[in-house]
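Both complexes shown next keep subunit A, but they swap its partner, so subunit B is in the first and subunit C is in the second.
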Partner chain A sequence: MTTKRTHITIRNNKIFKNGVLFFEAAPYLTLKDFLKAAWKNLKVKYPKFYKMDEVSKLGVLAAEILLIDEPHKAFNEEEVGVILSNAHSTLVTDTEHWNSVKDDSNFFPSPAVFVYTLPNIMVGEICIKHKFKGENAFFITEQYDAEMIFQHFNLLKTQNKIKAAIGGWVDQSQDDYLVEMFWAE
Partner chain B sequence: MKQVYFTGDSIISSLGFSSQENFNQLKNGITGIRKMNNPVFYPEPFIASLIDRQKVNVLFPDDQYTLLEKILILSVKDALKSSYVDISSGKTVIILSTTKGNIDLLDKSLAARFDKQRVLLWKLGEMIAGYFGNPNKVRVISNACISGVLAINDAAMLLQNDIYENAVVVGGDIVSKFVLSGFMSFHSLSPEPCKPFDTNRDGLSLGEAAGTVILSVNPPKQNEKLLFAGGASANDANHISGPSRTGEGSYIAIKKALKEAEIETANIDHISAHGTATPYNDDMESIALSRHNMSSIPVNSMKGFWGHTLGAAGIIETIALLWEMKHNTLIQTKGFQEAGTVEPLNVITQTEQKELNYCLKMASGFGGCNAVLVIKKVNS
Partner chain C sequence: MEELIEKLKLQIIEQLNLEDVEPDEIDPEEPLFGDGLGLDSIDALELIVLLEKEYGIKIENPKDGQKIFFSVKSLAEYILAHQK
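Entry: the complex of A and B
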């Protein structure tokens, strides 16, 4: 059966690893500045991080901390999946793209923004960073449904599709965000 | 594990308002892709495959529902006609596949008419489940262009493992200024109707559609049955907006789906590829198939008929494959003229008869994602 090994929570500019405070920044920092500070703190050289939209950064940041102890090294790349969920898909980035195309007199769509208007791009970013080639899925639910994500992982495991996975919730709305991410094997 | 049967389906697209109407058009080689000039969608002329929206409003006049909600509901209703599954039963789950849902509601002129939550995808799922009085939590999958295949794989897995008895898998997306302008900015749209696998292919055509496929563990009455045999997804772990040069994720997904189906590559009679007609996608698929020694298996792409219908694509293209199998018919690849992929493919150029027992559906999308499913025909 599944053993829940590591769990990350990110909210209110605080990061918790297995319930213990891992990093915090001043609560008045914007999400953008918090993400920058939290990533810098990890001392990981990965310039691609700065090109991502904020919700992808949240996911990539949480995954990086989740995998510090390298639990994934025990598996081959096809055996690790990523199963994430949220409520707002990519609404913040969608709004940014929309604002760049809604007026014909002020029409300047950017491919660098548009590519992030899909929630599974974050899954792709995590897979690229850690070389995960197993199953992917992105579910949209009103609230975090940990049971549903675990069930999906357990079924994939029962059917020998994957042996381990990153799962959880990475959500960003105009005025809030929340990450609940776990590693399971 | 339980066997999972395909028991009913529906396609609503530029080519018609049922699977039968669509399949007739596919057999006759009719495309729904047109040149358009409509500034509501895009400031300049563009190419797309659009549903007859006037007809949608005649068939479904209730303006409490958005255009996308209307076509999704119409498609589920139509699919239920051909299936024995009870959608209001607690044993039935509804799974929705969409990439952008009601994204057109970001437009102020439309937003005023609907609740603010309607732009959210879980709410779209609730609108569909609520319409049909389904008591279960609706599952919404938004995973770029593999959403549809992934949703069918998800449904099959839930049924195989006794979580539910039936699944109604519905998917859809509409063409909007949001999506058109984004793909335009990527320079991934062709100025002409798309040409999958062709040497002169220069990009995709966008389309809109809704599709529904109904799965059940309870076998249909007819002797000939179509079963879900296997499915898998995999990530390239390479690039977010370009496919892998080695077809890595696609290769892995094919390998795992065939393993679940307990068959060899040589058993596959026909492949329905993703075939978007972008230079990179079609090359990538040719490489993935070549790595499996599957280059000589007859392959087609439906994109030349419907365009790329995003969240509907995996579903309506799987339905087309089910109908090809039912009628032992290979449908031509509309828009293809001259071979031009980096590895050779046996592209179907003329619609013809062929006995089909095992077929494979491929899909790939942004975020490096790939998904595959295998369908099997049995006679009992």
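Entry: the complex of A and C
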């Protein structure tokens, strides 16, 4: 049986852990500044965070808070998977990259931007940070389908591929963002 | 030379998103990669883009990169010698 435990929501410059406000920044802050303030609040020494694109930062930030109580320590690295989803893939970063290459007379693509033009990079960043080596997946769906994520987790569990997972939704569009992330075992 | 070194420190911090690094903390002769600032391969590519975009200098031989990007000082020396 799958148990859903800690749950993180990030929206409107607020972070909720199990429905309780965990961190809040001024609503006028840009997503970039909100993410910086939220990460500094955690006091985690990990300079690589600042090099990530915004959607990866959202995922890594949510995972960091999700794992504060260390539910993953009860499992081996190979037993923990990551199953995430969103609707906009890495469209914001893709657009930034496109803007740097669309003009032949001003053609300066940034390698650091280009490497984030795939949504599963976010999964990789979470796995690198927490040394997870289990199965992972990133689905693109129009809306958040928690049931589908659970079904995928249960399938991997039935096949003895993983015993626990980070699951959920990490989405960013030009106008908005939303994170719904949970720990399941 | 000193002015260029200070400018490069600021550009490197901004371009590479070195959030917690202040210009004064960068020793111009300290290695940029490995032990020094701990930059990685993507940072190396970003520095190549910075050199081309900001100073109009293209590195023709990739093997020269290791010497050019050894430190902020070596980078400044290369720019002064090759800027048109």
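Operating definition for what follows: the second predicted complex is superposed on the first by the 185 of 185 C-alpha atoms of A that agree within 3 Å, B and C clash if a C-alpha of one lies under 4 Å from a C-alpha of the other, contacts with A are read in each partner's own complex, and residues count from 1 in each chain.
Definition applied: a residue touches a chain if its C-beta (ideal position, glycine included) is under 8 Å from a C-beta of that chain, and two chains touch if they have at least 3 such contacts.
All figures in this text were calculated on a predicted structure; none of them were measured in a lab.
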item	value
Touching partner for A:Arg5 - first (subunit B), second (subunit C), both, neither	neither
Partner chain in contact with A:Tyr50 - subunit B first, subunit C second, else both or neither	second
Subunit B versus subunit C as contact partner of A:Lys14, first or second or both or neither	neither
Larger contact residue set on subunit A - subunit B or subunit C	B
Touching partner for A:Thr158 - first (subunit B), second (subunit C), both, neither	first
Which superposed partner A:Val115 touches (first subunit B, second subunit C, both, neither)	both
Partner chain in contact with A:Val101 - subunit B first, subunit C second, else both or neither	first
Partner chain(s) touched by A:Phe132 [first = subunit B, second = subunit C, both, neither]	first
Touching both subunit B and subunit C, residues of subunit A	109-111, 115
List of subunit A residues in touch with subunit C within their complex	36, 47, 49-51, 108-112, 115
For the subunit C and subunit A complex, residues of the former touching the latter	16-20, 42-43, 45-46, 49, 52-53
Complex contacts: residues of subunit B adjacent to subunit A	1, 39, 43, 99-101, 103, 106-107, 119-123, 125-126, 137, 139-144, 146, 150, 154, 157-158, 160-161, 163, 177-178, 181-186, 232-241, 248-249, 252, 256, 260, 365-369
Residues of subunit A that touch subunit B when the two form their complex	77-78, 82, 87-89, 91, 94-95, 97-98, 101-102, 104, 107, 109-111, 114-115, 117-125, 127-128, 130-142, 145, 148, 151-152, 155-156, 158-159, 161
